Amino acid sequence: MTDFLDTGSVLFKKRHPQVGARPGTLMINDEAPPPCIHLIRYTADNVREQEIDDIEMLTELIGDPAMKWIDVRGFGDETLLRRIGEIFQLHALVLEDIVNLPQRPKTESYGDQVLTITRMIKLTDNNAIDMEQVSILLGKGYVVTFQEREGDIFDPVRDRIRHGKGRPIRLNGADYLAYAILDTIIDGYYPVIESLGDHLERMENIVMENPTTQTLQELNRTKNMLVNLRRIVWPHRELVSSLMRDENELIHDNVRLYLRDTYDHCLQTGEVIEMYRDMATGLMNIYLSSVANRTNDVMKVLTIMASIFIPLTFMAGIYGMNFEHMPELHVRWASPAIWFAMLTTAAGMLIFFYRKGWIGRG
Amino acid sequence: MTDFLDTGSVLFKKRHPQVGARPGTLMINDEAPPPCIHLIRYTADNVREQEIDDIEMLTELIGDPAMKWIDVRGFGDETLLRRIGEIFQLHALVLEDIVNLPQRPKTESYGDQVLTITRMIKLTDNNAIDMEQVSILLGKGYVVTFQEREGDIFDPVRDRIRHGKGRPIRLNGADYLAYAILDTIIDGYYPVIESLGDHLERMENIVMENPTTQTLQELNRTKNMLVNLRRIVWPHRELVSSLMRDENELIHDNVRLYLRDTYDHCLQTGEVIEMYRDMATGLMNIYLSSVANRTNDVMKVLTIMASIFIPLTFMAGIYGMNFEHMPELHVRWASPAIWFAMLTTAAGMLIFFYRKGWIGRG
Amino acid sequence: MTDFLDTGSVLFKKRHPQVGARPGTLMINDEAPPPCIHLIRYTADNVREQEIDDIEMLTELIGDPAMKWIDVRGFGDETLLRRIGEIFQLHALVLEDIVNLPQRPKTESYGDQVLTITRMIKLTDNNAIDMEQVSILLGKGYVVTFQEREGDIFDPVRDRIRHGKGRPIRLNGADYLAYAILDTIIDGYYPVIESLGDHLERMENIVMENPTTQTLQELNRTKNMLVNLRRIVWPHRELVSSLMRDENELIHDNVRLYLRDTYDHCLQTGEVIEMYRDMATGLMNIYLSSVANRTNDVMKVLTIMASIFIPLTFMAGIYGMNFEHMPELHVRWASPAIWFAMLTTAAGMLIFFYRKGWIGRG
Amino acid sequence: MTDFLDTGSVLFKKRHPQVGARPGTLMINDEAPPPCIHLIRYTADNVREQEIDDIEMLTELIGDPAMKWIDVRGFGDETLLRRIGEIFQLHALVLEDIVNLPQRPKTESYGDQVLTITRMIKLTDNNAIDMEQVSILLGKGYVVTFQEREGDIFDPVRDRIRHGKGRPIRLNGADYLAYAILDTIIDGYYPVIESLGDHLERMENIVMENPTTQTLQELNRTKNMLVNLRRIVWPHRELVSSLMRDENELIHDNVRLYLRDTYDHCLQTGEVIEMYRDMATGLMNIYLSSVANRTNDVMKVLTIMASIFIPLTFMAGIYGMNFEHMPELHVRWASPAIWFAMLTTAAGMLIFFYRKGWIGRG
Amino acid sequence: MTDFLDTGSVLFKKRHPQVGARPGTLMINDEAPPPCIHLIRYTADNVREQEIDDIEMLTELIGDPAMKWIDVRGFGDETLLRRIGEIFQLHALVLEDIVNLPQRPKTESYGDQVLTITRMIKLTDNNAIDMEQVSILLGKGYVVTFQEREGDIFDPVRDRIRHGKGRPIRLNGADYLAYAILDTIIDGYYPVIESLGDHLERMENIVMENPTTQTLQELNRTKNMLVNLRRIVWPHRELVSSLMRDENELIHDNVRLYLRDTYDHCLQTGEVIEMYRDMATGLMNIYLSSVANRTNDVMKVLTIMASIFIPLTFMAGIYGMNFEHMPELHVRWASPAIWFAMLTTAAGMLIFFYRKGWIGRG
């Protein structure tokens, strides 16, 4: 059973400051990796990538006419995060939303910036579901993404930038890049959903053939995961819908068309998750019924054995009595007669149970 | 049990490109049949049908004043599909929606085209439910339908075109043809629903009379199919409703009247599916109860047998003891007396059980 | 149990033409009775009733200044129905809605006509629920009703027309007559609902006192009927509400006031049906629990009998052993002693079970 | 168990006229008490109360500048009710709503009158829930209340009028009085709800400690009552909300402020009822589980007894066989040996069951 | 099991006056602590705190240009509460809402005041959930909070005022302070929810490993608490949303931005509560299934023991019969033969059960 999808814990653990703390307080986890900033800078004609060590470099970069994708990975340094916040003129609450995760997926529009908080989801190598909050800050000429740690699903997007000369991603502005990242995150739900679907199919076979107590726990965990996924997917739908309707001029009409496609994917994802949840519930009910069926089977065996042998034992007991005056003990055919009576009784019971359908096809 | 409706798998399998791929990437399945294009060209006065081998022919056709129904079947050739896309000026995302199925049913309106993505459903010869995505592109003077493979339910529509001289289908424009196709697809849900209804009725009899573990699985699958159907039917309702309200001038008012009729059918279909799902759930509960009832029956048999014979066996055991001083062993009427006592006990138990209602009508 | 309400089948059977057939195709059932047309013609001063044999008579009638109620019963003659359609200038789709039943209850307004499709419901003599689609066409100066067959619940309305000189029904126009018919149909739900309520009350007693497998089936059928009724009642609510808001000048303001009353009845009916459905579900759960309770009772009897006599049998068995050296077999008080031990054991068990509450009040 | 809340029948029994009867037909129950009309007439300075025997007196009263509360109790006289209707110029349908109860709670505004139909609820002396429809007719300078019978919860309101010199109730108009009555009705739900809450708490203890089949029935009835209450409370919320928004100038702005308070109480009442319904459902599930648990306990006793003594009986049976050649029967230590074997077996079984946790803490 | 979260009673107990009492009647509990009024008065530059003994001091304070936070704790003195009401010109109904708790959380805007009624929630030292109504009255230059008793979660806010020179809380107006208090209350739900989450996780382990009847009760109580929490959290969402949209000029735009953050927290809190409720329901179902499984296990032991030994006992019984003519009793190998037969039978049964999977991995 090692190939089962490890559905993980769905408990809610928010990294939140002490109750009553000043809004904008950042909760920096001691184990959080130090931020590492990756920059991709491209125009229609060329692409340049580099790691940014000196955060102040960003100040100059902002004015640069090329498109910039600044990817911040790791939240382990409060000073640095605050400095990034200053450079991009982020409100304290916005920075809090980015760092104190998990935040409910949402999008918010400020004068010349649009912040989108999403949840990236991927299957790990051992088939577990891994979630990570990704915040996408769209500004004029740049996109800043904030990820909790290294390791994402954006490599195809980076490749499209690198090798996409003459393609939309190079010709369009920052809004298209933000869309491409968001779309990749939403598309990332498909493999997970399909994996859960396959998992449910395997579970169905197990429930039908050889269910154990483990099976029910596994089903329950799968269902909890589906409930959790639904909780995460629906806000994405609202988020995309609100990006589509947003009047911010950072987002151009042709990108809105692309977002409509992303919106459809959100809808479809949400609906399939709901259907799978119904299926998981159905399987749990079948499991419960199978337990009742097995109890029934156990009872049948007991009843058949006991109903046949208890009367026979009684008959044998009768002639084990030590009464002096039991003339039947002395006749010659007594023993064969009692054997005959016993076999008749047993046969009668067997026929009775066969007719009831408890033996034979039973 | 071979005449049961094979409700098939309801797992969601989307043909989607690699996560993060460029929007508009088409996923061509290796086993997909090569496209085969069928053209019906008709005016009020005449009808001409032909297979189109040279795709470029379509370019000239578009300007032709006759009504054209171009039916593309099979998605096995990316180049050809892309070329069709170019000829009809389809956005890359639109083509992706048509080819990378299943897409959520929807309708979208672009300047001078309306694309409607629907799910055609039919019963196969062996009573299984077969689903296929059908995309309907309505333009000025033409309708293009995209089907995954050969075999559809549109032959009556084609016959109406061929033999319908003077009938609305020949007198009206492309919008009426698109309506006729859409209406046929929605009407196609009725036979499937009735078949599911008959199936539920058969299942009800089986649950009442002779339920097996198979029965529950069958019920669960039927319910999953109904949940899946509901997931597909509701978007059709939205789709028809949005076509009715669409301000695109491609759709004329008299056709909107027909669409209202189609809308009613969507509503009715959806409601019957919901009712059937409730019925399936009800049958599953009755099944569970029948298992409990059967366990009860098994227990009654065991209890009756054990309760009668265990005391009797004890009584026989008593007089099987080898105590030296058991004067009752030597009296002449001891053996008849014990028989009398045993019969009395057994009769007492039987009366007790009869009064409890466990035997007799039991 | 013959006085139980026969809740009948709730399966959905639509009389629909072949998939893809021309919209407006009428499905005439071979067993449908031939139409029979009854006319009531009245003014404030006089009333005249007649059967109409020559359909063409209707053409002249339309212009007549008197109020006309034309009641068409039976759909067995397509030509005649189509001719009626022509006379009243009905769209092909409208005629299809009237004839190809069941149609979802709805109302639609065309220039100078309002068509309302409703479901009439009545209890038959043997307490079964009988449903029939009734279509009400309201025009200037006339109301046409279409019924599937003879036998309706409108006699009180006819009597009000006949004997209602000076009463609203004679003084008001066609809209009031249409309202009166619709109101009668909605009021017709009350006796059925009360009958279902009485039925549920009887079922509750049976579930509490002497439930059988039949009981559960009966409950399930009742619940299905309630689900079905709800499916039919809610659209009536929408229908009445839309008549109230309809801007068609055929309906006068004073009639809208009456419709508000009908609307309240729809609401109330729908809510009571929902409450009854909850009650039916509750009774099904109680039934399930009663099965579990009875199994429990059966087990208790078995356990008590077995727990008392199995140890005693063992004790008897001990002294039935044929060991040579069992000095206890030879002592004089051995037999009384063992009897004492057995009685003590049995009493101990009885006390144990009594304390557990399994016997006594049990 | 006599102190349980008697939750009564929740079946719907409407006093409705024959189906198809003329709208406005009053259903006068033969047992209905004859109407008895009580008048309170007050100004800021003085209060006068009297019973009205001559209905015509009301005609003059209407013009009187003092505030009037006319309280009609009992619906046993159709002529008198119709005359009251005439005096207050009530539409036939309005009178029908007042008399043919139960009516769905609602409010309706006519030119210079506002009719509010509500359901008054109170606990009777023996803790049963008693419901009664109260209709409140608000006019210029008067409030007419219609009650089915004597006995209401408005005495505190009457006392506030009598002794409230200088208080709002004497200084404000008819709208404030109507509000005070409505508010009293809504507040009357609190004691009932708290009583149901206490009842649920008692039921919880019973379910935990000593559940019987009665318990489940009681829970089911409580749940049905809660469902019924919810059905009645929600329309009150709509009703109060629509009074608040009503543009009728009979209701002044300061009274609307008071109505907002009443609205909050409706909301709170409805939410607590829903919570209690969930709790009742939860208790029913716990009951079901407790049945299963008790079956489990019964089975454990049986299994322990049988598993210990059946093998021992077998062992005894072995040495009860009458074979000639059983040398073990003749050895001196055979009997002690078999005793030892038996004790060991029994101890083994006991240890096995102890480890399983079936005995000991069990 | 003492470290379980004590989820307390969720019964609804409203402190409401007699039904029909004058609106604005205050219910002063005899045990309620006497009010104790704490004042914090601050400007950008300095902070002063004091206990207010003479209530009349407040009259002068209102005009004071400094920001004032007046914290009233304890409702034990009606005269004093009414006097506070007069000083702050509170409507009688508003004071009633503040004192007669619990009130449904809400916000209401009056000309120059905004009243917000919230529920503060905290974990007590022994891990129980403690709820208390907190009313926040926002006026020009002051915030008045009303708490039922001493002990709250606002100390961090007070510290931020004391030590926050130059920070927003000192620079902004009363609206920011009100926001800070409200935000602290909402944030106070997080620790409780996480505690409930941990509790559910512990419950899950217990359900899986060693469930008892207690477990189910505990789960049911947890679920009731979650239902109760949901009932309280959702109105907070509406409340914050309505504060955000409120056009009252007391609330400045920058504070609305902060409220949006609080709104997100409400949403997240509500969703996690719903998810936990689903999880609790899931665990209850698993518990029920585990009972069925244990019954199954018990039955298996019984069936195995009985099925093996009952036939053997019968075999022994056969040869315990005292027939004279049983030649097999006298042959030498009879005894070994019967032993062989018995062992074969037992082995056969064991193999049968092993194949069934009842023993071995079982």
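Just so it is clear, A, B, C, D and E label the chains in written order, and each chain counts residues from 1 on its own.
Just so it is clear, a contact is a pair of C-beta atoms (placed from the backbone, for glycine too) under 8 Å apart; a residue touches a chain by one contact, two chains touch by 3 or more.
None of these values were measured; they are calculated from a predicted model.
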Same-site or different-site touching of subunit D by its copy subunit E, using the half cut: different
Averaged-CA centre spacing for the pair subunit E and subunit C, given as whole angstrom: 42
Inter-centroid spacing, subunit E versus subunit A (mean Cα positions, whole Å): 26
Overlap residues in subunit B, where contacts from two or more other chains coincide: 288, 292, 295, 299, 302, 306, 310, 313, 317, 320-322, 326
Arrangement of touching chains [line / ring / star / complete / other]: ring
Ring walk, subunit A to subunit E and onward: A, E, D, C, B
Residues of subunit D that touch subunit E when the two form their complex: 153-157, 160, 164, 167-169, 180, 183-184, 187-188, 190-191, 193-194, 197-198, 200-201, 208, 257-258, 260-261, 264, 267-268, 271-272, 274-276, 278-279, 282-283, 285-286, 288-290, 292-293, 295-296, 299-300, 302-303, 306-307, 310-311, 313-314, 317-318, 320-326, 357-358
Touch list for subunit A against partner subunit E, complex: 9-14, 16, 18-23, 91, 93, 96-97, 103-104, 106, 108, 213, 216-217, 220, 223-224, 227-228, 231, 284, 287-288, 291-292, 294-295, 298-299, 301-302, 305-306, 309-310, 312-313, 316-317, 319-322, 326, 329-332, 334-335, 338
